[in-house]
């Protein structure tokens, strides 16, 4: 049985949990969202700062404050590692890849080139109750990014 | 007989109750399926398996039993979504029965003075009283489509009834009293044309017709589990996802919230917004199994079977002197419930004589008093068939009616 | 161990799920009974018997199956009336669950601007959000009894909170998070003194204490079927007969009417007034069987068993370094649900490690966010026992917590 | 099986059904009630006329109009036979005896001295769904009589 547990709690996950990257709320930011997992009450407040890049907008910073379990904490940390500095388009592709991994019921082979440390979450997909934990900050990021982009569109920014 | 389900004998074996005998050792002839359908073994077994092996609360439970129960419950939602051809599983809300689904809408769709709601004279009480109460609360007006003498909707004044102040047009797909099949896509389009919501009561349709919410083009559709071979305690509200998410919450409680503080609460999206508290878990699982069972046999085949039996029954009933059938006389225009009068004998007394012969029918107003009043009838006798009904059972009914006439000396 | 149910082994055999093994072949240790209880074979069998042999709609059906189903359904009402010591069977209304029963009250008790409703900070969301929504609709004020640091109700300002403008005082008998047993008769008397209705949420009490509505002296009391060894899809609203008959109808539909005309409808008396549509028939029958089962074992004996297990569990939990128990520390003052924190490990992670050992507990806010907020806790782990729980299962939990600490390296 | 039916549909019942006694609404009356069987829609409108007698009020007339099955029609007819002309007290006792017979699930032996033709309803008690039919007019009569008495009490009549 502890094999099972170890499949869930990969060393990488526990490391991110103990030492989360990019944690804390920072300025500047264009949008801030607050997401909750209604089942367990886990929460994340997350900010997104975009900047103009040569080929469209770039994720300049993602900062967050959160309370939650090892899976949700580690997943926020991995998210920031993966998207900060990437063009928004590319970051959205990573998001999609992570989402597919999580919803794959353990049948999807993770792509290390795209997901890096994120492949450690492959085991989570086998625990339906924990998939929501892993996705909490990812959904918040997507929501915040969409808001930041639509704000900049309405305020006449040319990043869209 | 052409049109009957090919494996009728095999299908009957799926329903354990059909082997029962009643007082005096007579076999059961169940002709009350519009009231509630019988349950196939596979549905009962799915419920027993859940209760004996997987039982746990859903969503909130992190353990294996919780995961199994949640998967079975949410799996049932997928099955129901496929059954009605919903474009998203989030459009399927589990309720207690059709009545709760209709009342949920009547409580959450905002109405005000000057607004009107249009229903029909052939509605079941659940699709009448819910709107009567809502209109009373809001000071809105309740309007009615009338009926023609042959039991169809009278649409001659439809343009006056459904106007720019109409908020809701609510109507049954198949009448539980007259059997009439209504032109639901047309009615939904009329509602849409004036910006009103259309609400389809598919309680009698879902058991016997293919239901495709996208083809009907309605906004909301409801049906009830116990009439589609599922258990009691479960019903379905289907609604367009964006509309469901615009409606305010119905009941407050566990699972419908996003967060709760002493100052205020925020609410989850559909379907969970409308599923406060522990839902009917084992019932949803039974229903999921039931719609799978029906889908496996095929709704087209079931529809053909019902129409064949109905045609046969219409002939048989009309061969009994003194019988008057209410509603359309053409089987192609109706579902498998036939209400009738027998001159000189009250429906209770008819039902009683039939019951002594093992034949179960319904006697009374069938929760459709306005429709009875429309035809000047205080109560009627109703026979209703389903996928397990045989022509021999119709023969038994006809024979029983002859016997009734002689018992009450009207022959 | 003194106080345990004498035939614990035999009782465990009544529950088929307790023989299950989980992933890795480990046996089930079910410590999530406050979330939902397991079902004895006799309850499952009563449901199967109804579905396989007697299934019919009730009240409206005149035939033998209808009579059998009606008798079984109404017989369940008698059993529940006896279970809570109601003075009349008409005082027992079957609902979908406790949440629906509370919302029924919150929708039908009239509130207006200037009125107030008093609840407590230890309520389940169902007894919070229902009243939040009702107060919002009516412009009434929602007031809260606070909690003391040791998890009891803070009644020091009770006289200010419950005043002449109070319409409803609603409170839980046993907290599902803190385990606290509240002084329900006192609270009911306070409500009565100002002419307010008292509403007791007995969802956690009914499974484990003798409930006597006349001794409590309350006006309304609710509980839910799936926590008292019954199925999902059924709950109970008990109310004083004359009060129930004063409340306006809740849902409109079949069976709740006296007569329906196009102009207006009149309504049946309680309980039928509040049971619109086809009720949860097989679920009521299962619940009737369940309360009989509990009554046969004896609620006093079950209460003693729960308190014995709880005392043993409180000791065991406190022997684990880093564990903080929320709520009263004296087993005599609490029911069989114990929420706790384990320093350095999040409840989800605790539950996960326990689950890998077959131990089912709940992790989260247990639908009691305000109570968690009161104690500055975002979520907690909850173990909850029932009449089938053994001391060995508590030992397994304690052992599992030690293991959790070492797995997450907080040991 | 027809034995069973015959137990329900006694010849006496069918006679009263075909030729109901005292049917029709008449003046004078002190109270009129309308009762419905919500399940099947059977209805009765019933009037009560009381008069002073030597030992308290007397049931001077009971008149009614009704739609319903053989059992409910025959039962109204038998009711009027039994109570018209009797002191209210005595009529209430007959009512109670009939009620007990109907609720006795077929276990109560009917008392012919009190119930006369009413004993024919003994078989109805074995058919739970029909008990309501048999009781419809009896409940209406009790209700109407109670109303007539409380009206006369409030208008200062000395019949109470």
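When the chains are written out, they are named A, B, C and D in that same order, and each has its own residue count from 1.
Operating definition for what follows: a contact is a pair of C-beta atoms (placed from the backbone, for glycine too) under 8 Å apart; a residue touches a chain by one contact, two chains touch by 3 or more.
Bear in mind that the values here come from a model prediction, so they are computed numbers and not experimental data.
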Contact-graph separation of chain B and chain D, given in steps at minimum: 1
Furthest chain, CA centroid comparison against chain C: D
Distance from the mean Cα position of chain D to that of chain A, given in whole angstrom: 76
Gap in Å, rounded to a whole number, between the CA centres of chain C and chain A: 38
Approximate Å spacing (C-alpha centroids) for the pair chain A, chain B: 45
Sites on chain D at which at least two other chains make contact: 39-41, 127, 130
Junction residues of chain C - those touching two or more other chains: 23, 60-62, 66, 255, 257, 259, 348, 352, 363-364, 369
Of all residues in chain B, those that touch chain A in their complex: 59-62, 66-67, 70-71, 255, 257-259, 268, 272
Chain B contact footprint on chain A (complex, rising order): 36, 38-41, 127-130
Complex contact set, residues of chain D against chain B: 1-2, 4-5, 8-9, 14, 39-43, 67-72, 127, 130, 133
Parts of chain C lying in touch with chain A, wherever the complex brings them together: 23-24, 26, 346-349, 352-353, 356-357, 363-365, 369, 372, 378-379, 407-408
Contact footprint of chain B on chain C as seen in their complex: 16-17, 20, 22-23, 28, 30, 32, 35-36, 38-39, 41, 43-44, 47-48, 51-57, 60-66, 96-100, 102-103, 106-107, 121, 124-126, 128-133, 144, 224, 226, 231-234, 249-257, 259-262, 264-265, 276-283, 348, 351-352, 354-355, 359-364, 366-367, 369-370, 373
